[in-house]
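Please find the structures below.
Shared between the two complexes below is subunit A, which pairs with subunit B and subunit C, respectively.
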Partner chain A sequence: MIAPLGRHVRQRMAQLHRWTGVLLIWLLFVIFLTGTLSFFRQELTQWMQPERPQGRELAQPEAALEHALPYLWQHASAASHWTIVLPGERSGLLDVSWRGAEGRGQAYLHPDTGEGVQVRDTRGGEFFYRFHFQLHYLPVLTARYLVGIAAMMMLLALISGVLTHKKILRDFFTFRWGKGQRSWLDAHNGFSVLALPFHLMITYTGLVTLMTLYVPWGMDKAFPEQEQRQQLIGEIFAFMPSTPSSGQVAALTSVPALVEQARASWQGAHVGRVQIAHPGDLSAKVLVEAQTGQADRLGISGHPPFMLFDGVTGELLKAKASRPAYDAYGTLLGLHLGRFADWPGRWLYALLGAAGCGMLATGMLLWTSKRRRKPGHSRVGLWLVERLNVATLAGFPVAVVALFWLNRLLPVEMTARAQWEIHGLFLVWLGMGIHALLRPLQSGWREQLGLAGLLLLGLPVLNLLTTDRGFPASLAAGDGVFIGFDLLSVLLALLMFRCARRRRGV
Partner chain B sequence: MVHLLVLTLSVAGFHVLAMTTGQGAWRHRPVLYRLGWCLLWGALIVASVLWGGGLGVTLGVGYLSAGAGLVFMGRIVVKRYGR
Partner chain C sequence: MPAKVRFHLEPLLRTLFAILSAFLLTRWSSIAVLALPWAPEQAVLTGMLLAFAVFAATVIWVFWAASLRSACMGLLLPTLLLIYVCYGGGV
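== the complex of A and B ==
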């Protein structure tokens, strides 16, 4: 039963906080968890493709162009578009791809030798990144609206939560251990208040990221025609203009020279991506974009600078414009993505993201803990919420770890392997949901958290047995990604076992 | 090193504040209370000076949260196991 509206503002805010929180909290939890993992998108891809060489800081990543361009001329000279992603500290491979009338292709090359490197088919960390804002199996627009509604609920819950909290400073460091509902309240306040600036920032900037989708009317009014909107996007974002081929042969200008020109105007910042349209044609264009993660030279904007050149004459056609509104948007986007951060900064982001997961989880446990004591509360509703809690708070982490297991266990030559890794995640999550419905509540918690712990503990062993980059080899090679992954797996396994042991009387 | 310095200042600031705002001690130690706030502002200023405005404020506020979290967890652990 829904309680009548309170008489005082604080009571009403508390009610708003409860209901905005509870309605989409399970969705918010998976969005937060996958968002947290996304801060290590490249590192997860590196772990999930152990065939990749170790990432390292290259003095001149642009030198890899000397391998990329001959490869593309040799293998994709008929393609209308080439894309070259240069290697970097977080990705050890030169990534070349192409598309055209004859289809698409992609290859990974070793940046030192230019030789092709075969990697297993997986979405890697990209899956978590995409899932974070467009979910999976749903039409993209529907999913983005759903995520936007959840983010708006979260923002309301945060603001109403602050207004509800009477003694926000006095209770700053209060934690009452072993007091049941009070302990959950203190834990919820701890996770919420301590990282409140982060929670507010990440939720607000998340909404801003897709603001033209959620609040399109301003854009519609200013640019009523679809062509105008496309022109605007072409003007301000690093998009290659979709001009047709002229059909006249012309030599492609020196791409390394254009790259050097771009670097010179970006205070020496490294180039991340080069796109070439219609190579070898009179209408050729070259788009050069800076690498993200160079805050010392480029600031924190989520829109790295870019330059568009004529591919025959080398004339500069367009560069990133600096306008207050666009720069503000870029800064907010940059704050959300956190790509400017170096590795301690990324860990900070991940830690605060984990605090967000903790805030949501303790909020749900507090909600059920309170209602269990209320005699008039709907038993069916409470039963359902408790099961959804188990399936999401324990079941989804199990499914995520299952994805990593599948990455190592599925045959490398399997057809649609990347898709089956993801199907596997959802099948395991479905299994956890069924398990949560069938088992008594406490057993459900204990078994699912225990399973998560076992799977996490097994990951370093599985990695050792199935690849040549197990812990001893990684330690010897100083491979931070693999060492970190193994250590974190063990730490999280211990946390899961600890939680499984503590799930009594919740 | 800057990361470590900012985190240390944040932890120190929140630790001092926690000492003054604990049960029954609310504002009873004004010097420590002011010192705590000074340390927290110090963390933000160091971050802003050494990393520059935008990045400094962003990471500085992040480290303030991390510092508060560490003090919070530390106090729980000490309270639970330290006696």
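== the complex of A and C ==
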């Protein structure tokens, strides 16, 4: 039976908070966790491909073009589309890829020598990034709608959560340790209020990232033709127009000269990506995009500036437009992605994201601990919810750490290796779900949190044994990504052990 | 409807009303922005950027109001206004 609505407005806000919060909270937790990891998307890829040379700030990343272009001419001259991702602080490799009638290809080149570097097959940090808005194994659109509904419920839970409080500041400064439900409430308030502007921002801007999917009506009305909509999107997002090849041979203009021209109009900001369509054809086009993360020169916009050139004459065909609504969109998107942030900024983002995970976890624990005290609630329902809590709040972190283990343990030459890393994550998660259903509640918490801790503590050791980039070596090389990963693993392991010990009688 | 049934149906009715009215107001407002004297692409994007605030505010209002009736009354004026702008030839 649904409880009647409260008479007082604060009661109704509390009810709205409870239900919008609880219904999809497990989904929100995995979205928040993987989204938080996505702030380190490129760093995680670096760790998961230890064959990559250490990323470093390059005075002239554009110089790597002199290796990329000859390579593409030699290996992919028949392809209709080339993409060159230049190296930088967050990626130690020059990444060239191509596609055309004969299929696709990709190669990683050393930025200094131009020699090919073999890296293991993995999705790296890209997996977490994709998962946090389109999940896995589900049709992409279905998953994106599901994530959108969850995000809207989160937004409603945040607003109604604030409105529930009579004295939000006093509640924020209250903490009652070891008092069961009271402590969960105080912890929940702490995590929520401490990072409230971040939670509101990240939820709202998250919805904005997929707004053309979620709220398309104005756009469909004003621009009924697909072409018109694409043109609008092409004003702000770097899109290579899909014009066919002319079949007439014409020499490709000097790409480095176009790159220099683009840099000159971006206050000297570095170029991150160059795409070339129909190289060597009369209809060739060159699309140059700025590298993200140069807030001092480019601001925080989530749409990095780009320039589209004619690939034969070198004429500038299009550049990113700047108008008020475009810029507002870019700013909101940029705030969500956080790509403008330097490394302290990324850590701040991650810390706030972790507070979000804490808010969701404590919210759920508060909900169950309240229901456990009240007689008359469905025992079977509560039993199941408590087990699913274990499987999600402890089991999913175990599965994520298992992905890192698999990344080091699966044989490098294995076929479909990248897919099996991910299948492995979900199999481990399934295993945690079964474990949670079979074990008594407290043992379930203790064992899964303890396992997460052990796996995390083992990661630096595993990395030391399976690669030549163990802690002493990365310390000597000043390799921030590997040092940070090892230290964070140990720190999170201690946190897991602490949680495992505290999960008694609550 | 007997008072007791109503009492227990109220949360369900409010929820359904909140979802439906929030969806419609969001949809209409994201079209009504086209009546603004701006370039269409500027209006369209502004409408989309604000759409989630319209949705959230509508749901909050429906639960904020003391009764379902007053929730309906509160949404009457914005609804009529948006319908007029969307379908009265303004867009």
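In this text, the second predicted complex is superposed on the first by the 503 of 506 C-alpha atoms of A that agree within 3 Å, B and C clash if a C-alpha of one lies under 4 Å from a C-alpha of the other, contacts with A are read in each partner's own complex, and residues count from 1 in each chain.
Methods note: a residue touches a chain if its C-beta (ideal position, glycine included) is under 8 Å from a C-beta of that chain, and two chains touch if they have at least 3 such contacts.
All values derive from a computational prediction rather than experimental measurement.
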Touching partner for A:232 - first (subunit B), second (subunit C), both, neither: second
First, second, both or neither for A:329, with subunit B first and subunit C second: second
Touching partner for A:477 - first (subunit B), second (subunit C), both, neither: neither
Partner chain in contact with A:221 - subunit B first, subunit C second, else both or neither: second
If touched residues of subunit A are counted for subunit B and for subunit C, the larger one: C
Which of subunit B and subunit C A:195 touches, first, second, both or neither: first
Subunit B versus subunit C as contact partner of A:344, first or second or both or neither: first
Which of subunit B and subunit C A:212 touches, first, second, both or neither: second
Touching partner for A:465 - first (subunit B), second (subunit C), both, neither: neither
Subunit A residues contacted in one complex by subunit B, in the other by subunit C: none
List of subunit C residues in touch with subunit A within their complex: 7-8, 10-12, 14, 26-27, 30-31, 33-34, 39-49, 51-53, 55-56, 59-60, 63-64, 66, 91
Complex contact set, residues of subunit B against subunit A: 3, 14, 17-18, 21-23, 26, 51-52, 54-55, 58-59, 61-66, 68-69, 71-72, 75-76, 79-80
Complex contacts: residues of subunit A adjacent to subunit C: 1-5, 9, 12-13, 15-16, 152, 155-156, 159-160, 163, 204, 207-208, 211-212, 214-215, 217-219, 221-223, 232, 235, 323-326, 328-329, 332
Interface residues, subunit A side, partner subunit B - complex: 169-170, 172-175, 177, 190, 194-198, 201, 295-296, 299-300, 331, 335, 340-341, 344-345, 348-349, 351-352, 355
